[in-house]
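Two complexes follow with chain A in common, the first pairing it with chain B and the second with chain C.
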Partner chain A sequence: MISLLIFMPFLALLILNIPFKDITKKDAFWAVLALSALQAGISLFPNASFWDSASDVIGNFFKLNLAIDSLSIVLLFCIGTVTFITALVAKHFITDQKRLFNFTSLLLVILAGMNGIVMTRDIFSLYVFIEIAAIASFILIAMNKDIDAIEGAFKYLILSAIATTMMLSSIALILLMVGDTDLSVISYAMKTSERAPIIMAAIGLFICGLFIKGGLVPFHGWLPDAYSSASAPASVLLAGIVTKTVGIYTLMRIMISAFGFDNTVKTILMLVGTVSIVFGALAAIGQADFKRMLAYSSISQVGYIVLGLGCGTGLAIAGAAFHLFNHAMFKSLLFVNSASVELETKTRDMNKMTGFGQKMPVAAFTSAVATLSASGIPPLAGFWSKLIIVMALWAAGHYAYAAIAVLASVITLAYFLSMQRRVFFGKLSGELKDIRETAGGLVLSASILAAITIGAGVFFPFMLNVFILPIANMIGR
Partner chain B sequence: MTPQSLDVFCFFCPFVLVLFIIGLYCVIVTTNLIRALIGIEILIKAVTLLLIVAGYITGHVALAQSLVITLVVIEVVFMVVAVGVVLGAYQHYNSLDAGNLRKLKG
Partner chain C sequence: MKLNFVILIALVLFSLWTVMTRSLIRSAIGLALTSAILTIAMFRLNSPIAAVFELSVCAGLISVLFVSTISLTHPETREEAMQHMKDRLTRFWYLPVIVIVAVVILSAMRMNLHFNLPTPDAEKDVQSVMWNLRQLDLFGQIIVLLTGVFGVVILLKEAKKK
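Coming up: the complex of A and B.
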């Protein structure tokens, strides 16, 4: 019954928006919490009969062409968890009932859109679901209505529209050459026929569009603006999962299930990944704004995922998927921490912050966990995923890329430790003496994400057998 | 692709390309927020034409029609949200100049 993951959020949205019933307005928040928790819970059991697409009555009736593999399940878990966390954060940040209702309704739309992206096996439906998620996220960014938010939303909107026209023209060219939009048909045609220039143009356009959507260098211009100008809960969602699903997961899916890896595309992916790693890390060092620094660090971490994907072997792609999972966890955790700091101090300027660790022990500890995981310190989860990617690169003979990936880890450690020292360590300054740990929801969400980050690292053998090796086996070699 | 269908494609190709170039030029050059949106509309029109031509040449007319109708619906939703954002900018500055939106630096 996998189509329920798409239909339930839409159904909940319809019921909650029936006019003349004020009673249902408060329930939107609980609906999001329940749906996302259910989704995260059920994706912990990849062998449950729920995932069997033959029993999917609604999906087969509408001929939705949905399917699940081990890569999709990892993503569904991340989507469920991050949406859950975002709802918790939003409850704290948005005090006005009506605005909270609007926010949670949009969360339902994004949830359905992302689930659709992850499960669909049709290149045009993929575009439709990408647009659903993207349009809802424009509104989420611009919701504050202050001028920064509007500027960030407008930049994202224009670049996103250009990206979708690129992807659509690629779909049209594929339709012209292959005659179908089903991913398996496209994959078969790519393997059997020789690569005509039109096909290469189609692949190039699609990948370029996804680079814009995922915010990779040199198309990263919109990303720091959109992340830093959005409200705190919206930036948790955007940085944690939306751009990763819309840009990076789609890139992985389209390369694995449709286009296949040839040497030109591999080289382009690895080059773009490496440039993103280095540029993002170097730009993050110089930032004074908490959220902008996290945004640049996001570009850098996404570079690792694309580098792993570009290597093209089963192990490397499994490592990239694991890093995608880790990134969703530790980056949302860092954005939750920046949210609680922003809630207490009303500023995002790191130069004005010092010594918050004395008054906010949970935020200080969880952000230390997240930064260490992001820089690849054992035994946290980020270490294992980076290790797998570097090992796979080394095994495939890409020594230079592997070396750059390891060295950039050091820069990551540098900017994160500098952030940690400036914000949480040291002495409290006079005017901010009366800050305190923020209330329940934010502490709870930070603890959940930190527990997942530590757990996935400590119980790595379990993760390896249940989630990573199936992905590597699925791709082969 | 047969040579005959290649001829059809080559006949439509210049129109698609011209629409693309007009749209991109409009988005890049203009300093007016509404005109940038119009440029994007022209870009999407180019893609719509390309989709229809692709469906016509390969004989999948019904598939291409359903794709184009879906595309038109999504485009309308996109434009409503985009104009909403532009209106927000207009309420702040009382002008549609894109030069106002240069506070954040990439």
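Coming up: the complex of A and C.
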């Protein structure tokens, strides 16, 4: 019944917009919570009959090219969890019922779009679902009324339009050369066709578009503005999962299912990944704005995922997928905490913050969990994913890349500890003595994400057997 | 072949106009025109589905979203706009030069890109492709268009409130 993951959010959106007497605008919030929680819950059981595409009546009736594998299930869990958290944060931040309804309606659209990206096995359908997620994200950023948000949304839209043009041109070329857009057919044509160089050029164009969507260096210009200017719940969603699914997961899927791991491409991916790791980490050090620092840190962490993918071995790709999962959790957590701090202090300038840990112990603790996980400190989940990537790089003989990955982790630790010291440690200043822990949704969100980050690290053997090794075995190199 | 040249030249000219023009609205319109011409090119490249989506999503929807976003910003005065255009011309003077040089080099190389292309199936016209073979994409496009309409309504309402 996997096609339900696409149809249910859309059906919910339609029902909520029909003016029935018993359906109120508040129900949109509960619909998002229920659908996302169900999705995250069922993803924990990869062997359930729900995932069997043969039993997917709707999908088979409409001849939808949908499929599920270990990588898709990890992503579906991340999408469900981060959407759930975003809805909780939105409930806390958006007090106007009409605006909350608009926001949650867009969340349903993005949920359907991202699930579509994860499950489709056709490059053109992939593009259509990418557009669904991108357009809804653009509106989410622009919904925040200030001029910065409009600038952020505008930059995102311009670069997104360039990426879209690249991807469509690529699809046109593929259709011209292969005559089909199914990923397995493209993969076969890559191996056998005399036109393989042109198909490769077309997929290269598609990948460039994905680099833009994923905010990788040197196409990262839109990302810090979009993340920092969007409203708090929108930045949790964008940073936590949207760019990861739209840009990075799609890149992984294209590489695994269509392109394959050619030596030149591997080198390009590893170079882009390494430059992103180093550039993002160095740029994050110099930031005083809390959300901008997190945005640059995202560029750096995404670099690790691309570096693992570029290595091309089963273990490295499984490590990259696990780091994608970890990044979705700890980065959403950090954005939730930045939202809590911003809500209490009305500023994002870290130079004006000090000693908040005394008044906001949950935010301080969960933030420490997220920063330590991002920096790769054992036994948290981030340690294991980075360890797998570094080990796989070492085993494949990429010693220099492995060394850079380890050294950049030290820089990550430096800027995150600096953030933690500035914001949460030290003595609370007199002007801010009235701040308090933000109650309800934000504390619950931070606690859930921190529990997942700790749990995935402590119960690593479970993660290894149920999620990571199946991905490594699926790639089989 | 001549028509392809005309399409390519128009594509380049409109792209340049999009980058260099002085007002954001004109840039957005330029982008829409570029997308529309790209659509024609895609039709001629035997990619009708890509062409349909390029036309509806890029030329139609994205342009509407652009225009509605721009309508939320303050327009520049005429003097400011002229100054911006001058600045842009000074900054991007090399763009047309690069395009011309690239065209000259590629023509000189006489790139031979003749392949045995898959024969287009006469029955696979846009209509049958959309309704019979690409139902998921059609469903996706309906969501894209609805989301776009939803977004424009929200953004314009916000502008009105302001």
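The rule is short, and it goes like this: the second predicted complex is superposed on the first by the 468 of 477 C-alpha atoms of A that agree within 3 Å, B and C clash if a C-alpha of one lies under 4 Å from a C-alpha of the other, contacts with A are read in each partner's own complex, and residues count from 1 in each chain.
As a convention for this text, a residue touches a chain if its C-beta (ideal position, glycine included) is under 8 Å from a C-beta of that chain, and two chains touch if they have at least 3 such contacts.
What you see is a predicted model; the values in this text were computed from it and never measured.
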Using the superposition on chain A, tell me whether chain B and chain C clash or fit. clash
If we overlay the two complexes on their shared chain A, which of chain B and chain C does A:Asp69 touch? Say first, second, both or neither. neither
With the two structures laid over each other on chain A, which partner does A:Ser105 touch: chain B (first), chain C (second), both, or neither? second
Does the superposition put A:Glu437 against chain B (first), chain C (second), both, or neither? neither
Now for A:Asp27: first (chain B), second (chain C), both, or neither, which partner does it touch? neither
Once the two complexes are aligned on chain A, which partner has more residues of chain A within touching range, chain B or chain C? C
Considering only the touch criterion stated at the top, classify A:Asp148 as touching first (chain B), second (chain C), both, or neither. first
By the touch definition at the top of the document, which applies to A:Pro224: first (chain B), second (chain C), both, or neither? first
Check the residue A:Ile135 against both partner chains and state whether it touches chain B (first), chain C (second), both, or neither. both
In the overlaid three-chain picture, which partner chain does A:Asp182 touch, first (chain B) or second (chain C), both, or neither? neither
Kindly classify A:Gly113 by the partners it touches after superposition: chain B alone (first), chain C alone (second), both, or neither? second
Those residues of chain A which chain B touches in one complex and chain C touches in the other: 124, 128, 131, 135, 138-139, 142, 145, 147, 150, 153-154, 157, 161, 165, 168-169, 171-173, 175-177, 179
Using the touch definition from the top, list the residues of chain B that touch chain A in their complex. 1, 9, 20, 23-24, 27, 33, 36, 40, 43-44, 46-47, 50-51, 53-55, 57-60, 63-64, 67, 70-71, 74, 77-78, 81-82, 84-86, 88-89, 92-93, 101, 103-104, 106
Per the touch rule, the chain A residues reaching chain B in their complex are 124, 128, 131, 135, 138-139, 142, 145, 147-148, 150-155, 157-158, 161-162, 165, 168-169, 171-173, 175-177, 179-181, 220-221, 224-225, 228-229
The answer for chain C against chain A in the complex is residues 31, 35, 38, 42, 45-47, 49-51, 53-54, 57-58, 61-62, 65-66, 69-70, 72-73, 113, 115, 117-118, 133-137, 140-141, 143-144, 147-148, 150-151, 154-155, 158, 162
Okay, in this complex, where on chain A does chain C touch? 10, 62-66, 102, 105-106, 109, 112-113, 116, 120, 122, 124-125, 127-129, 131-132, 135-136, 138-139, 142-143, 145, 147, 150, 153-154, 157, 161, 164-165, 168-169, 171-173, 175-179, 194-195, 198
